[in-house]
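A single structure is presented below for examination.
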């Protein structure tokens, strides 16, 4: 909802800080194999954002992952589930983890890598020594407590003491769980279960919370944790955002940054040139993601900082965020967190009958 | 909604108990003629679930029901209502009831059979003597009290004293009615009026209650009845579930087991190989169901216990249920009953624009 | 919502009484020229319902209205608005009013006729003398008070004293207005502004109230009026009902009878054999209705009393109403008024994905 | 919602007053280049409404704007964004501002012109001297306070003292902001952020408030301001209205007049003969509008005052407004502001299945 004051968009601040690390843009690229490879991570870093490289994907299983990605993209819909299972068969090679991180750092941009909880402790030292700036630990749903008899559960306290770089963990959608995770010493929390365009968790498991609700809840935990400890943990909304409006609403709900996957799969620089698939898609027993075709629509620069060549909100996310802060009278993102929001299911369709029927603008 | 603790899916318990009877899987196959015949019931039992054979359908009207089922499946849309009326014309043969039950029991799997309220008392002894393990009495809407001058109404108290095997009755959607039925001594209650994929009761009669609401209500009656008597009646949600998410939500709402029809009509082992029609479809005066084509999509094993070859939640219901319990921090189904739920109409469409437009994943 | 008791459908009573007049079925046919002509009114009466003949339509403007109706039905979409304006150009001939009423009464069935408020007083005596049983006065929105300088406003008190037959008026959607109308001495109230299938008032004027809400409000006025005076005015829900479920919900909301247009336009006996248009469609200045094609689907008997040949709720309204009363434990319509209702937007789509995609059952 | 009294539509008053200026119709044409040029403004004025000429568009950048408009309309969807950027490249010529205003005034009709906030003060004297009757200052979101270091911000107090003609400003959607704007001395407020058919602000920025809510809020500010000062500021709902029902609901929500764009782009007299694009569409960095094709459907007279040749609410807005006041028992627009409204999401679709499937009436 617009504010009582407006601010010139050129004069708002949208930079993001994660303890030592400062990013000019509060945009993270998701650790998805269709999006992030080494060249993409470098391009993202140069524009002022950061890309997360998936340590459990094809980049660390193959010396040359490009042909594997090509095979996945070219598979028919019928065979793609099997092609994915095969592609993720070979084991992760530790030396490739080191190589990929060094390749990114050689370009002098920030480097983030992610792994699953079960592997997080064993790989921590390797990741830090290779020079990564951020360590992301990510599972479908992650809590500070896990009951299992079969493997020794990850302790986030221990992990955070093992490495000196910031640890970002997720995904999480609730106040209590977020607060417990914050107390373990993590630097950031990824918010979202199942909203991603390539994810089917909500259809398969029936588990999820809408992103605005989830972000508000985790942001409230951030305030409580700050109040108790004076330490401000970053809240990063992850998934489900397609257009400027989605991104702006995440920030208005309390995000410090957003993590984006499928929209960036449509960048000319993406690893797959126009495809995306969830990290749980290759699961041999219960796949919970699907391969979607996004198509190449624009350069990464056009998507992140413009100028936009189109009018549908899919380009110039930074410009949209600046304008949105401006019309709401916020000079920086933290001020934007207290902007008034309105619940209006039809807000994006009111009056848009012709845009839909002609598939232009917001009707695409 | 995810829990504050997570549990390893391999270590959760999902078995179902109905007084003497224990099932490894809490899945029941609906008493629909397009789904359950003798071979299907045997396959279902071997996988750990149970199938209910319809005693008022073609299985007990014809020595060889296969050609009749074939005729129904091959009828055009225009003639199918008439073909169904004709198919259900011949009378039920009591000897066939005995035969079918014995054929199933010969495979050493649990056997459940169902009949309409008007026939329940007269067939009770026959069913028990033939060796059935569960006796299901099922009508569109069933109450402990029925006003009629034309036939002597069924007394569930009497019925439950007539047979020593557990009696499961339905369908029911309300707290008060469920409680009254429980007080008659029944072992389980089927929940649901009109949600089934092949049912049109809600269109024809305008009667029904959404499954989550209905299950919560009947589950509350179970708690009250347990509190009063120490006896725990099983709550079985019946119909309207298509994917893992639906099944998981039913359990989260309070189900002890779920009864599934149309998804199992799509199993390679189903009686019709890909069709389904409601039990009230052949009604000569006011048909309240329709024949739908489901198509054969997978084996029964793939649907029930996986591994899933697809990513849309239609396969590996047991795996989905285990994972859902896991991420919600429940070690068994009764713990899962107290999981927090969130009402979010768009939870399954948030961010899924491309899945829908490409008809992949949850957009199929 | 189902009741705690069920009743045998054959033993419920659904007859309707309007002061002296008793109808075996509580179904009225709308005063629409695509539906009601003399033969239709006779057919409707013989089945136990009543049809309302429109005194401002083609039946009283033309000695032989059949060719005019044919011309309207055969007009293209582009020319139909003009054809309608032309068709309603010639003046109403008073002698034809008398003729039509006598033709209907000659078949010894009940006869109802309707006119607009501006003509109601001047035609009252003529209508009664010709032998009509019910006099309906109907406008888009009707109140007991109307401000105008250009014509002397109709006084319902005066009108009710002018004729001795019951006067039914409408349309009305509110408690206060309904109460004021009841106090003038009318016998029944028609409920509904704009829900009809052939009506576009809600698009043109933005005026309307949903039928369930409107019926509940007017039914509450009926109770208050009965409490004050001991006189029970009939509440007749008019328009917007397509299938058994719609009809049943109107009764559950408080209707004593329902008035149906477009579903009856699809009867083999209808005046137009499959078309319908609103009474305000021919308005020369601001048309507020449209011609729709319904197609001939069934005989009037199949629609009203069955047996239904289809499973989608469009046939055997009486059977559906009886069954609905039965499962809700009501022995007559007045008991049905106090049945519990549930608000569930998706009640008719829950689990019906395949019915919709295959256009069978409730998905048509 | 209909009232307890009805009024003859011919006897209601719908004229609009803005301090000195009286319009017979409360309809404003939006300052969009696809709609308003000099001949259109004259036609609109002669029918009793008023058109706003955009001073930042093609009319004041080109001596002969017609070929430019033609080029925009003929551009393919792919190239239209670029064609728009090019078309808005040449600078605004001050002399053309004077010329356009004089051309309109030469026809002896009221003349309104609009400009962006950044140019409002510098052009004020020129506009008044050329003879304009109303000065509109319009931005996506406008407040009485704006923070910027790069240009001296517009003071509305100063502006209102600079010119003696009424100043109308927008757009605004909130009580507090509206009240602050009213206190600066403006004569009218435009209500609406992002509802317009050619606007994509809500998709790009995620900012907006539904029109009914926004209008109610700003209307409440009008009452408070009137209470404090005795001065009545006009509330003009701008955008998102397509049919009579939309227009009527805006008035019922508190509007004194409505501003309409895309429906008028479909008038035979429009500048583009059937196209429309938002004012923020040519933005070089972040376009927030799109070109839509409306098609030529009717004359301006048919749209505004009828007679309507169609039944879908797109023609005879004045007749619809008069009828709507009539059935709600209001004799003038201010009385209509206190009519009761009902929230019913499905009010325009209830019973309209066939209109939708046949694309007639409200289903187009």
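Note that the chains are named A, B, C and D in the order they appear, and that numbering of residues resets to 1 at the start of each chain.
The rule is simple: a contact is a pair of C-beta atoms (placed from the backbone, for glycine too) under 8 Å apart; a residue touches a chain by one contact, two chains touch by 3 or more.
Computed from a predicted model, the values in this text were never measured in an experiment.
Chain copies subunit A and subunit B are related through a rotation whose angle, from the C-alpha fit, is 90° to the nearest 5. In this assembly, the chain whose C-alpha centre lies farthest from subunit A is C. The two sequence copies subunit C and subunit D touch through a face in which the numbers common to both fall below half of the numbers used overall.
Centre-to-centre separation of subunit B and subunit C, using mean CA positions: 40 Å.
Rounded to whole angstrom units, the spacing between the C-alpha centres of subunit A and subunit C is 57. Subunit B meets subunit A in the complex at residues 1-8, 10-11, 243-249, 252, 306-313, 316, 319-320, 323-324, 327-329, 331, 342, 344, 346-348, 350-355, 358, 360-362. Residues 77, 81-82, 140-150, 172-174, 176-177, 180, 193-200, 202-211, 213, 239-242, 262, 281, 284-294 of subunit B are the ones that touch subunit C when the two sit in their complex.
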